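Order of writing sets the chain letters: A, B, C and D. Residues in each chain are counted from 1.
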Amino acid sequence: MRLAFFGDVVGKPGRAAVLDYLPGLRRDLSLDFVVVNAENAAGGFGLTETIAMDFFQAGADCLTLGDHAWDQREAMTYIQREPRLLRPINYPDAAEAPGKGAHVFVLDDGRRVGVVQLQGNVFMRQQLENAFHHADRALDSMPLGVAVDALIVDMHCEATSEKMAMGHYCDGRASLVVGSHTHVPTADLMILENGTAYQTDAGMCGDYDSVIGMKKDNSISRFATQLPGDRYAPALGEGTLCGVFVETDDRTGLARRIEPLRMGGRLAASVPQV
Amino acid sequence: MRLAFFGDVVGKPGRAAVLDYLPGLRRDLSLDFVVVNAENAAGGFGLTETIAMDFFQAGADCLTLGDHAWDQREAMTYIQREPRLLRPINYPDAAEAPGKGAHVFVLDDGRRVGVVQLQGNVFMRQQLENAFHHADRALDSMPLGVAVDALIVDMHCEATSEKMAMGHYCDGRASLVVGSHTHVPTADLMILENGTAYQTDAGMCGDYDSVIGMKKDNSISRFATQLPGDRYAPALGEGTLCGVFVETDDRTGLARRIEPLRMGGRLAASVPQV
Amino acid sequence: MRLAFFGDVVGKPGRAAVLDYLPGLRRDLSLDFVVVNAENAAGGFGLTETIAMDFFQAGADCLTLGDHAWDQREAMTYIQREPRLLRPINYPDAAEAPGKGAHVFVLDDGRRVGVVQLQGNVFMRQQLENAFHHADRALDSMPLGVAVDALIVDMHCEATSEKMAMGHYCDGRASLVVGSHTHVPTADLMILENGTAYQTDAGMCGDYDSVIGMKKDNSISRFATQLPGDRYAPALGEGTLCGVFVETDDRTGLARRIEPLRMGGRLAASVPQV
Amino acid sequence: MRLAFFGDVVGKPGRAAVLDYLPGLRRDLSLDFVVVNAENAAGGFGLTETIAMDFFQAGADCLTLGDHAWDQREAMTYIQREPRLLRPINYPDAAEAPGKGAHVFVLDDGRRVGVVQLQGNVFMRQQLENAFHHADRALDSMPLGVAVDALIVDMHCEATSEKMAMGHYCDGRASLVVGSHTHVPTADLMILENGTAYQTDAGMCGDYDSVIGMKKDNSISRFATQLPGDRYAPALGEGTLCGVFVETDDRTGLARRIEPLRMGGRLAASVPQV
């Protein structure tokens, strides 16, 4: 199966990159399943239903969120009627957070793809439950090669250590463990020992002439002065579509190949040969 | 001028990667100046004089440190007699931290290369002074194209936002701003608007079948149980040499080219054509 | 019933304060049940079996721990055979942390006292599970006035907001919610709306001519220089016994009275009249 | 000299406590100088000029702020024309933060009182410069007993360790080092070895039937669910005036006496006998 995951879409340039490039890529690469992290799609903060519909139309099968999940409050109700939209799974059970953190998608040909979003526990704004135990619970509920033909884990967090540890923890139980949240793509794509494809962070879809997608002057000034600045707003230069491509073995669900997938904007382009 | 910067060397596999590949690379790529971040070289924690001497012998011109600078206490005295070893510059002046955070190196042919190490202020163990103002102070003291022919800034920190902001802040005033500390190479190499080469993190030199260079089982178990584990120890598989190559314009000191530089171990190899 | 809770015992001066004053207080105040937070009893770091036995002998019925629970590794085995020793309850269930976080003690006269230790989720070294949901689980398992005649909650954490929120959350379901961890007694003793006695922090048992019980010069120097210092060691001046006294209504288990309990050392003495 | 310091005023109940009690206290205790921390006076977030004028009228000589200094943006201009309003002194010099962090007040009888506000470096939203070195700079500029007859240091921060360390660091150089920010009064009032009066936190002026002055249900729900809640708003029950009283020796400026000063609301009242 051919999978793609695109990192945090930031504002208009990020949305434009998704809408412009995804339909063509989906066709050219014969993508079977596409996940887009959309936690910053609405002006850098959260997601609206309108934007989500655009992404589904452009070829996304599943959208994930993160610590910015509820920046647009409408997401709290929208997610309850849209199973293709996922938030971090490791909210306390008793908190009864709206929506779900995992879902099994059934493709037209009957193949099934599981997606799970986890949020890390280090350096994050919310203090969610232990991501490793929630990973266990989710992966056990949809065993790869048995209940699902492919399984994608979006590990949304800051610390590289926590992401790498999660990659190894899920190794052999997921097709792909990919990080999001830092808005910078990493160059450590690999297939781990037991067959799981791994990348520490998929990077963002947005304008890289920026500070993680937002206007740079405002950000620099806050760091340098420690004073409040203008409202954060996305940088508006040309966006880069930034993500990762994975090919799995249909018999096992494990990865045969992982490659960067980047088009447009300021980063070096990279499109897999298929 | 041709510059190379290699990210945090972790333990024996990291050291072996440096010692095995650097001499050949230095010659094949005609490198003029090489910086190695060595904060984790000694068993993952700090640096000893013996290891530093090996790195200088293998072709490093300058070693930088970071939040692990003093894990080996001998570094506190060694740094006082070794001007080629730098620690973060933004210790409080009044703290009189041993050693220096910046140095101008004079090459055999008379060209001068400045190096500065900064430590970020977000999510770091030490609370050093504002990295942006210290950047100003350091860069003003060695204007690019005037006092120095090339200038390398090692921005040692966790948050991608702080690193990108620093890149833009130094843009036009440094040849290269490169991050260290996260132990994962990023794929966002670019030349910024005013001519500074930039990469959010150079990655680590070490075994990538690990959690940021350390044994994975121990790390996973700590995350999953929140209980103390065994002592941290470097993973011992084959190391990757991981860094970045920059070519500058000798008239301005600004960058003409930036490319990844990776050899050995589990990451995709990448050696610039020269 | 008459209850006393003493905050984090730090090193020798803290132990001496407990051993010197507790036997007399227990008798003079007719204390029915005494809890001592012992997470820093062994040289400032953790607890040993020998020290625990001394505390039990001096009149403690129950010892609690906190983020320093395992600083002395022997505590990990000792706690498995000593039900009177509690660690934070909100470790992930699947982590199978040694020991327990709650216990019901049966007094000689048949009355039952429940004790729960929670660790907060803000600014703490470990990332344990949501303290509020674990509070629910624990309090539901030993309803006050039904399963237990008194119930003491030790809320071990840094942030005053998290402690006050927990106090109100347990209000009416516990006899006492008292904080530990900051090593400074607060002056906000009150009986909350629904009858639970509350104090944000009980303070430490130790030498207050110090920095939270540890030698002050070393601590000051670390703050001012951000450089590593000498090993942390407890200050060795006269210790203060520092805690809180609560009288409950035996019919409901709720509080009738809460007063500070302090003797010796540098803080103003305060012993309830009974 | 007789000094009083009142901790963070939170919203309307806090303001009412100041306005109701301060005029009488000022007269009855013959207070020579009064400092009020006003960082949460305007609905819990920052300070307006109108509120400041009320406080000055009620008997405050000096107002301090903290991490909430600029929550009301008008404070950024107001502070530039009001020398009696202080913000943390340890903003980076180059940041040119509006206002000042220290001031020497001249009383009608010619005596001089210095006030300094510091913000700590641990667990705070802004990353200001090293508080200890800025303390040195400020204290050196107004030597106690020479340039000023009394000197008050407001150490605004979270960690008790950082506050206690600062107390000892200033010991003998200030009349009073008192903490603010945690909104809970501590019971560790003492005169340190070299004559400086010390209290880890003065507590808040506000409604203590709350979570640090704010409505409790909203706060509890955020902790328990990790979901966004309603806007934070001050609890509206009766406020407590909460602070500390210090008597200094006019020959040295050092402290002879330190006592809690609390009136109204839910905390035990405490007014010094003079």
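Miscellaneous remarks
The rule we apply is simple: a residue touches a chain if its C-beta (ideal position, glycine included) is under 8 Å from a C-beta of that chain, and two chains touch if they have at least 3 such contacts.
Just so we're on the same page, UniProt names per chain: A, B, C, D = YmdB family metallophosphoesterase.
Treat the numbers as computed from the prediction; the structure is a model and nothing was measured.
Here the chain-to-chain distance from chain A to chain D, counted in touching steps, is 1.
Looking at A-B alongside B-D, one finds more C-beta pairs in contact between the chains of A-B. With centres defined as mean CA coordinates, chain B is found 29 Å away from chain A. Chain B and chain D have Cα centroids lying 43 Å from one another. Shown for chain D are the residues that touch two or more other chains, namely 92, 94-95, 121, 127, 130, 133, 224, 226. For chain D in complex with chain B, the residues that touch the partner chain are 92-95, 121-122, 127, 129-130, 133, 136. Within the complex formed with chain B, the chain C residues making contact are 70, 73, 76, 91-92, 94-97, 126-128, 224-228. In the complex of the two chains, the chain B residues touching chain A come out as 121, 123, 130-133, 158-162, 164-166, 168-169, 182-190, 192-193, 200-201, 203, 208-212, 216, 219-220, 223-224, 226, 260, 262, 266-268.
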